[in-house]
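Structure record follows, encoded as structure tokens.
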Amino acid sequence: MKSTNHGRIGVVVDHCGGALSSLLDEDMIQYVAGLPQVVSCHHDEDLLSSGGLEKFNDRWKETRIDRLVIVGASPKVYEASFRRVRETGRLNPYMILVANVREQVLWAICDTEQAKQKAKALVAETVRRAGCLQPIGREKTDVSRHVAVIGDGVVAMKAALGLADAKIPVTLVTDSHPIGEDMTELGHFHQGPADPRGWWGEMVERVKSHPELELKTSTDLRDFEGSFGDFQLTIETPGGTLETIRTSAVILAMGYESAPQREAIFGSDRFVPLSQVATMLETDRPGQVDRKPAAFRTVGFVLDLVNEAFPIDSANAIRHAISLRRDHDCSVYVLCRDVKVSLQGVEAQYRRAREVGVVFIKYDDPPRFSFVNGQINMDVKDVSSRMRGDEYTLSICADRVVLNERFLSSKRSQTLAKALGVPLDREGYAMVDNPQFGPVKASRRGVFVVGGCRYPQPMEEALTEAEAAVLEAKQLVSRKEFGYDLAVAEVDPAKCALCLTCARVCPHSAITIDRYAEKNIYATDGYGREMTWDAARVLPVQCYGRGICVGSCPTKAIDLKHQTDHEISVHLTA
Amino acid sequence: MTSFVPRIVAFCCDKSAYVAADRAGRLGSSLPASLEIIRVPCAGRVDVIHVLQAIEQGADGVLVFACHEDNCHSLTGNRVVQVRIDRVHRLMEEIGLERERLELRHVASTNGAKFAQIVERKFQELETLGPSPVR
Amino acid sequence: MKSGSKLESILTKGVFAVTAQLDLPKESDVSMIETRAEWLKENVDAIGVPDNQHAVVRICSMAGAAVLVRMGVEPIMHVVTRDRNRIAMQSDLLGATALGIKNVFCVTGDHQSLGNQVDSKNVYDLDSVQLIDCFRTMRDKGTFLGGTERIERELGLFIGGAANPFADPLALHVIGLAKKITAGVDFIQTQSVFDMDRFKEWMGMVRDRGLHENVYIMAGVTPLRSAEMARSMNERMPGMTIPETLIDRMAKAQKPDEEGIRICVDHIEELKEVPGLRGLHITAVGWEDRIGQIVEMAGLLPRPMAT
Amino acid sequence: MIKVEQKPLDEILGFLEPYKKIVLVGCNACAAVCHAGGEKEVGILAAAIRMARKKAGQTLDILECCSPRQCEPEFVEELKEKVDDAEAILSIACGVGVQTVAERFSDVPVYPGINTMFLGETERMGVWVERCQACGHCILHLTGGLCPIARCAKQLLNGPCGGSQNGRCEINRDVPCVWHEIYDRLVAIGQVQVLEQFVPAKKWGTESRHAGPRTLTREDLKR
């Protein structure tokens, strides 16, 4: 076991503006000062007050301490000022430990005697642990002013344009050629721009002509390496040649796919996929001067047989239902488990739909379908009527039944996400680091994920995400360099068995297998030869220092620099 | 018989449970004096060996606190630790230790009261269970 | 004539051959073999005696075959490669020949994990194709496997092998059959036929390669006794597939046993018409007393005498 | 690589019953890669054994150590000091490593903490499957790169048995029939004709599995 018997520890007792005064009395100060390795003990009124930190500089000089234990409030309170310490003082911020006496003792334990005992134990333990600390340096990495956007559709275009407009050189890598030809995505809008085709055309034109935007069409991603600030993106051009793009950050902007329900009776042409409703209106009423489609009078929408979780189908169905009812004088029934009105404006639209006479039926058991005289008969039990106690089945005969489509994550976006080191969820959608705190940030630093490849969403939302990603990426690459503490995991290459576990478990794609080298000074031929071997290596820029790999390593070759296994072990050994 | 005070070691994720623990006191909940809080950057930092070490060093119970499902700040940390805890549970069964002595709990950073409640319940549970046989 | 066996002479003459399977007892008392052989004697050309089928311990097939020889009935001795290495199998063959056994049937055998000795170690020193090759070498070259040492007396031997027309991929199993022919198999008995279409498809592929001209192919049939039996065979017997329509027919029948026999006879009638098929192998699974009736109903009686 | 699995704790405790002081030796090679015998597992197993003994009211002194590769005599030699102090050795290396240790320390009882399973590959993290039986006569060129010796329950060399159905083995419907896979693979690479070739009886003999320990000598390396 490593010796902890080194280091000169200084203790600062923070009274937190008097709150801790009763607990941290003279007896306590004496106790603390008497702990092994403690060379100085000061008590300040309020450590966090302005100038509180500056006072230390002088004292450190006097006592020549090399590590510090603060007895006071929660470390969370002090941590921001630790960063300042790095700039102003000579003490490394990772050489400071905090005994959280305020939160964990003063506020949590009522009995005074018990609290005093606990405070002593807590401080003693912290002081013991302080012996394990090691200073941690800071590293910088150059960040080139360049972002790559990978994606085939309008969201990718939007993101690329957003960056280009901010004068950040951007490369748009897409496999479609020519870009902007396929306009099916216009159907993914929930409200959409006033003149969709015009809006679209303008966007495509700008993408093609923007001076900051380099367009790589018909290309495929072959390889992705490096770390934030210096990613190497290898693409295959239509000619089959490989080209490497060096970039600081990458935005993956892909869509989702949908497949019409075609099982059994749904294969009949009387069932229309939701996305085809507009086409149905065009083709099924040839020569109708009165704009009333003769081919169908009654239309049923059946939702929630698939994709129950997404609100976009409800919005689209309601919009079409209103139009069919109002503009084409059809009888319209919407059958669903729930009307989902979470998207903007859908609540009002739903009310509108009811006003114009669209009938909504809420079901628990899926409706049963059969053909009756060329129409489709739907037998359904209305749950809302059941609440009133009328337990009977409604039979609705419709000329057309509109079904929502099954949403799928596209194989291509899955492949791309995997190549970029973005984890996929169970359905194959790309996952972001934390949906609440970083909704477009992938777990790999410098990689962003937006659009339908995350989950099926209306185009409005996807475009907003694109904007968010542009903001984030802009912020990252606007600085010339990215500074970070080396508070990361570290591999001892000599112990690594190359089992790949760490690389497999790391959620941040921060571990690669790398070639290590060292001079072999024992070479018998008298020449110092380079000895090389493969082992796992942590890319400090990518590492978040959470230590998942550390616990996974079967040879204990990895340790977390700012919280070593040894430190935890010292903590546990009372 | 002298009264038995269970010793609990709680591994607290810095992003959630550690903050919740801070908050517990602020809300006026009390925590047992025998609670030892170990702050980890992510529940995924906690390994089988740490838990075993805690028990071997005399803890009557071990609580591992992780972020809620799908809300881990390291994406998979809470799932990784789950399988490690499962492994320790199997080992405990082989050793002959009650599985109640170790539990993985999920708590949000804002939920100080829940943190205090979980610790309190575990404390009571351990009081009934008695001291760890390997203490 | 390679063996001088009755089965070989019948097949060579182009007569539609009929054989049956006799399950051996799990005891040393052979009276059960004798009783059943009596039932079969006049109705079939030869009787197959399995070698610990389904990996369940029974009286050994050589002893069973010897009992039949003693009764004047021609046996087909099964040899599985699961339980014996090449030393034992070659030695057994010499012994069997000495006892007057002329037909052998070479198969790999069901895996021991399906039987009543799941913890045993399997041997599989040879696979069925290699065993066929081994026996052919002993007969035709007059040497033991992989050696030059002469076997003094010529061995009269008619070598059989199995084929499964119902396993997939079909093409792979046709290749397997071709391989057995290359290795020297003389006759083939197939898995019991329930799915006639599939069987005909397989026979078509066999004819396309001209394999039927190099080997005597005998189709397996099994009379079903009940829908339950059919279902359990489907589940438990490796390589067995009974179509749902047949099971349905059995389930709906007033008298399932007669229905089963009817189906079996119908199948035989249909099989007789399949080009390239040279005979029939009836596995009655404990219903050996009804085989006579089936053969008679199918118009295959009387059986020819040995020459 | 060699795939191994830790023995149940009960069995290990049974071995160690008579002893008061043992040395627990791990191996940082194959056994570590399948998370059963590396430095980490040494720590876990030692803690578990100590606790189980403590619960039973006895103590056991465990010296923990780990060899970079327990099948190399030089590395095993390094254990000498620790072994000298101990009454017994518990090794969590594969069967090879246990024997290297036993050979070196001929007067100390050596116990295996691991069951050596097979030579296999990682199917996915935490799942390993057998791929080779080290038979000494590789025929993968005839079988599309998939080994029927290791992956067929009957080690058939001339195609599937009759029990294979829907691409599944007769012993268990969860097990794929390797011959079906071989066929698919040969179709994919346009080499089905290879299957027509008769593979003669395998030489299990002196160079293979059934003739006592095999020795591999490389004249150019031999010392």
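Per-chain numbering from 1; labels A, B, C and D assigned in written order.
The rule is simple: a contact is a pair of C-beta atoms (placed from the backbone, for glycine too) under 8 Å apart; a residue touches a chain by one contact, two chains touch by 3 or more.
These figures come from a predicted structure and were not determined experimentally.
Asker: Which chains does subunit B share as contact partners with subunit C?
Answerer: Common neighbours, subunit B/subunit C: D.
Asker: For the chain pairs C-D and A-D, which is connected through the larger number of C-beta pairs in contact?
Answerer: Between C-D and A-D, contacts are more numerous in C-D.
Asker: Take the average of all CA coordinates in subunit C, do the same for subunit D, and state the distance between these two points in whole angstrom.
Answerer: That gives a centre separation of 40 Å.
Asker: Provide the C-alpha centroid distance between subunit A and subunit C, rounded to the nearest whole angstrom.
Answerer: 65
Asker: I'd like to verify one number: the distance from the centre of subunit B to the centre of subunit D, where each centre is the average of its C-alpha atoms, in whole angstrom.
Answerer: About 37 Å separates the centre of subunit B from that of subunit D.
Asker: Where in subunit B do residues touch two or more other chains at once?
Answerer: In subunit B, residues 47-49, 53 touch at least two other chains, as defined above.
Asker: Enumerate the residues of subunit A that touch no fewer than two other chains.
Answerer: 505
Asker: Counting only chain pairs that touch, give me the topology of the graph as line, ring, star, complete or other.
Answerer: Shape = other; not a path, cycle, star or full graph.
Asker: According to the definition of touch, which chains form touching pairs?
Answerer: Pairwise, the chains that meet the contact rule are A-B, A-D, B-D, C-D.
Asker: Which residues of subunit D touch subunit B in their complex?
Answerer: Residue list for subunit D touching subunit B: 8-10, 40, 43-44, 47-48, 50-52, 54-55.
Asker: Across the complex, what residues on subunit C touch subunit D?
Answerer: Contact set of subunit C toward subunit D: 82, 86, 107-108, 110-111, 113-114, 122, 124-130, 133-134, 145-146, 162-164, 167-169, 171-173, 175-176, 178-179, 182-183, 191, 238-239, 241.
Asker: Which residues of subunit D touch subunit A in their complex?
Answerer: It comes out as residues 28-29, 32-35, 38-41, 43, 66, 122, 125.
Asker: Taking the complex as given, what residues does subunit B use to touch subunit D?
Answerer: Touching subunit D: residues 47-49, 52-53, 55-56, 91, 94-97, 133-134 of subunit B.
Asker: Spell out the part of subunit D that touches subunit C in their complex, as residue ranges.
Answerer: 153-167, 170-172, 179-180, 183-184, 192, 195-196, 198-202, 204
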